[in-house]
Amino acid sequence: MKHTLQQLAEGLGCKLLGDGAVVVTNVASLKSASSESLVFVDDAKHLNSALASSAAAVIAGQFVADLTTAKPLLISSQPRLAFARAAKILNTPDDERRNVHPSAVISATARLGKNVGVSARAIVGNEARIGDETAIGEGCVIGHRVEIGSHCRIDANVTIYSGTTLGDRVVIQSGAVLGSEGFGYVRDQQTGRYEQFPQVGRLVIEDDVEIGANSTVDRGALDETCIGRGTKIDNLVHVGHNVRIGHDVVIAAQTGLSGSAVIEDNVIIGGQVGIADHVRIEEGAVLGAQSGIPSKKVIRGKGVVFWGTPARPIREYLKELAYLSHSARQSR
Amino acid sequence: MKHTLQQLAEGLGCKLLGDGAVVVTNVASLKSASSESLVFVDDAKHLNSALASSAAAVIAGQFVADLTTAKPLLISSQPRLAFARAAKILNTPDDERRNVHPSAVISATARLGKNVGVSARAIVGNEARIGDETAIGEGCVIGHRVEIGSHCRIDANVTIYSGTTLGDRVVIQSGAVLGSEGFGYVRDQQTGRYEQFPQVGRLVIEDDVEIGANSTVDRGALDETCIGRGTKIDNLVHVGHNVRIGHDVVIAAQTGLSGSAVIEDNVIIGGQVGIADHVRIEEGAVLGAQSGIPSKKVIRGKGVVFWGTPARPIREYLKELAYLSHSARQSR
Amino acid sequence: MKHTLQQLAEGLGCKLLGDGAVVVTNVASLKSASSESLVFVDDAKHLNSALASSAAAVIAGQFVADLTTAKPLLISSQPRLAFARAAKILNTPDDERRNVHPSAVISATARLGKNVGVSARAIVGNEARIGDETAIGEGCVIGHRVEIGSHCRIDANVTIYSGTTLGDRVVIQSGAVLGSEGFGYVRDQQTGRYEQFPQVGRLVIEDDVEIGANSTVDRGALDETCIGRGTKIDNLVHVGHNVRIGHDVVIAAQTGLSGSAVIEDNVIIGGQVGIADHVRIEEGAVLGAQSGIPSKKVIRGKGVVFWGTPARPIREYLKELAYLSHSARQSR
């Protein structure tokens, strides 16, 4: 959608230097920018490249001061953030997403809010409730009694098991499965066979959570699995039953959280990390990629980076690696 | 569904202490129990909490002896198992699951047993055979000549490639893919290009197998991939072509089994374990989370826990970790 | 489909020894061969077993020389490759795959080539273009403006986000998600909340690429994610935004490639490998299973095998493992 720089400066709370009547329609990298693009620089050393690009205008940091250039500038204390927000403003809403496609199968007892989109072949179960402006993608299966808030985006071929609850502004990418049965079995001491422990709890996903493609989140066994407000989860992540994740947690691709793990607020978890059952990761800890936390461990340390299996503070781990490399080379 | 304690005691083979006319409708945790809930304790130290909960009745171990309490008790030698079975008895069968939805696309040459449910938008291919009381979820794609036994539950958006066979009482959770082509290529020595080695075998899944959400199981290349009776597989697990898994094996989330691996009966495999091609894990071995077994290795030892990459007995591995940590700290 | 050995010998460029009128209909292993099967041996020591099998004929290496046997032989300098190609010749094309099923939902503005198959319940978006002889599986969701080349096979329940481009002869197995939004966020320094960095780039998949079941490939953030010609990707692999993969790369199951990683031509990557952001794997390097490459590292060495986390040449890594095992055993 077209916006003038003047409009964007107001929307973003940026200071405008240059012609506010200039129109932009999209965000771009310096390399791919066209004459209607908005680009950004968050480091003074890239400013000249940005000014030399084909972009219509540049979002830059306060390092620019009152520089006068041929290209208009939007000045922000957080230029990367302003750029992200500009993209949202410029992103054309897809009107098609607000219709209910005739091939969708929607239960007569489901309740849909205003401007809800249900795409082709999506299924909405009995007594499901979907909030205003939410879009359900093609081929999605929304189970019975699922509650989805407003302004959510559920991409194509997502499956949400019955009884799951999603807050507002939640984004679920394609192929994700929410509310599946957890992995809990009881072994019969007489026959040696496994029987499923009841998996009859539920899954609660709070506001502003985003979950990547083909990730899986199990419902609680008897109680709840909960993903807290603002948490972002990448592709192919596994979240087991009864896990409790706090606010503003970031979890990179292919990480797995076993049953009853607790992840507190503001934790950052790299890719392919393995977190065993009943682990607690306390507020603000950082887990390096591929690290592993054994069962029932507590990881503590705001801003401390942990690495390895079993995970230890990265300083210690690097020292061990250096010692091992050195010693092995010395030995014969 | 409502059941009296008397009925449950008979169904479960438990000893009943107290009023057999009391009615329960669901299983619950001590925390979430309501006045119609059944809870359990498998340790004497939790008995008082259970008696103080809102539950209607408690399943407990023989440690209770002949205690007389205000709350009725069901006594079992395996209280956790009795609780799991009670949940199955109490779980209301969903009648809707036994219908064929008009939007399902079922081949004229497919054969469906009694009370088979085929949910909205599911597809059943030519000459497929589906046994009595089996439920096919929304959006499933069941290929040609697939055979599914009786009392199975195939959840929404599962894909089963042509020619796959499933036994009775098999549960497949959403998004799982069964019978896909394995990862086998031949490199042309002249051009350096890869061409697919034939992946024309089949996949056989025996009775009582359960497979988690978004897991993938490849068919055999020329012969069979086989998952043995009673094996339980978690979410996002990968099983390669020609793998043979025995009976009552447990495989946690995100583990991968490469081509032609053999997993014998009663093996337990943690999460994110990597098993290379042609590995053999012998009966009853236990592989800790994130461990790795290099190509062609044999792991032997009933009840022995292995850990690390390459996996070694956990005692050795822990000793190595302790030595390394100590030595690195000493060196400067 | 039936073929005579004479026809196959010509099609494969093999030398025929024996009766060219013999008919074969399928490829098989020695064990599973029937009287219409073609088998292969690439090692002289298996030749006798092959001759003793029930197979109609055997593809063998030049080690056979001019041996005269009761069973006809096809001699090739690359018998395994010839066998793979024979399988393609024998594999009956499924005519059904060339129809458009009445339950498919195809946009009026999509353009389909000759003999395109669109299976039941598949969806093809606005302005999508699908090349000749391509087959779209059941339940697939092909987004707006997606371009798919000719002779591709998109299996059931695949999701392709809008704007993605696929070359010719591409194979995508079930449940894969192509073109999803990458995992990039900007943290607001004032509120501590994460906002999505724009993920408005695209995904380009070149000719002859094959991608396994339930794998996920993110589009570029502002520019492109690109998977080069002939690259083969296994199941449950994650490819992040802006990744660039060269030609003839092989990536085994459950490996993850973080944002902006570069994988050059002819690299071989084992299963469960973790590659952090901005890593470069240079031409022809080999990464052992479960190895990990930290952020921004460059891995160099044609044909060199790297292992461990952080990955080092396998000789070094094995020496370290041996040293550690030995030293730990010595210490007390």
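We just call them A, B and C in the order they show up, numbering each chain from 1.
Please note the rule applied: contacts are C-beta pairs under 8 Å (C-beta built on N, C-alpha and C of every residue); 3 or more make two chains touch, one makes a residue touch a chain.
Small disclaimer: the values here were computed from a predicted structure and weren't measured.
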What shortest step count links chain A and chain C in the network of chain contacts? 1
Mapping chain A onto chain B via their CA atoms needs a rotation, nearest 5 degrees, of 120
Same-residue or different-residue interface between chain B and chain C, half as cut-off: different
Whole-Å gap separating chain B and chain C, where each centre is the average of the chain's CA atoms: 28
On chain C, where are the residues touching two or more other chains? 121, 139, 157, 175, 214, 236, 254, 272, 290, 324, 327
Where on chain C is chain B touching in the complex? 26-29, 31-32, 78, 80-81, 83-85, 87, 91, 101, 103, 120-121, 137-139, 155-157, 173-175, 208, 210, 212-214, 230, 232, 234-236, 248, 250, 252-254, 266, 270-272, 289-290, 321, 324-325, 327-329, 331
Residues of chain C touching chain A in the complex: 105, 121, 123, 139, 141, 143, 157, 159, 161, 175, 177, 180-181, 183, 185-189, 192-198, 200-201, 214-216, 218, 221-223, 236, 238, 240, 254, 256, 258, 272, 274, 276, 290, 292, 294, 309-310, 312, 316, 319-320, 322-324, 327
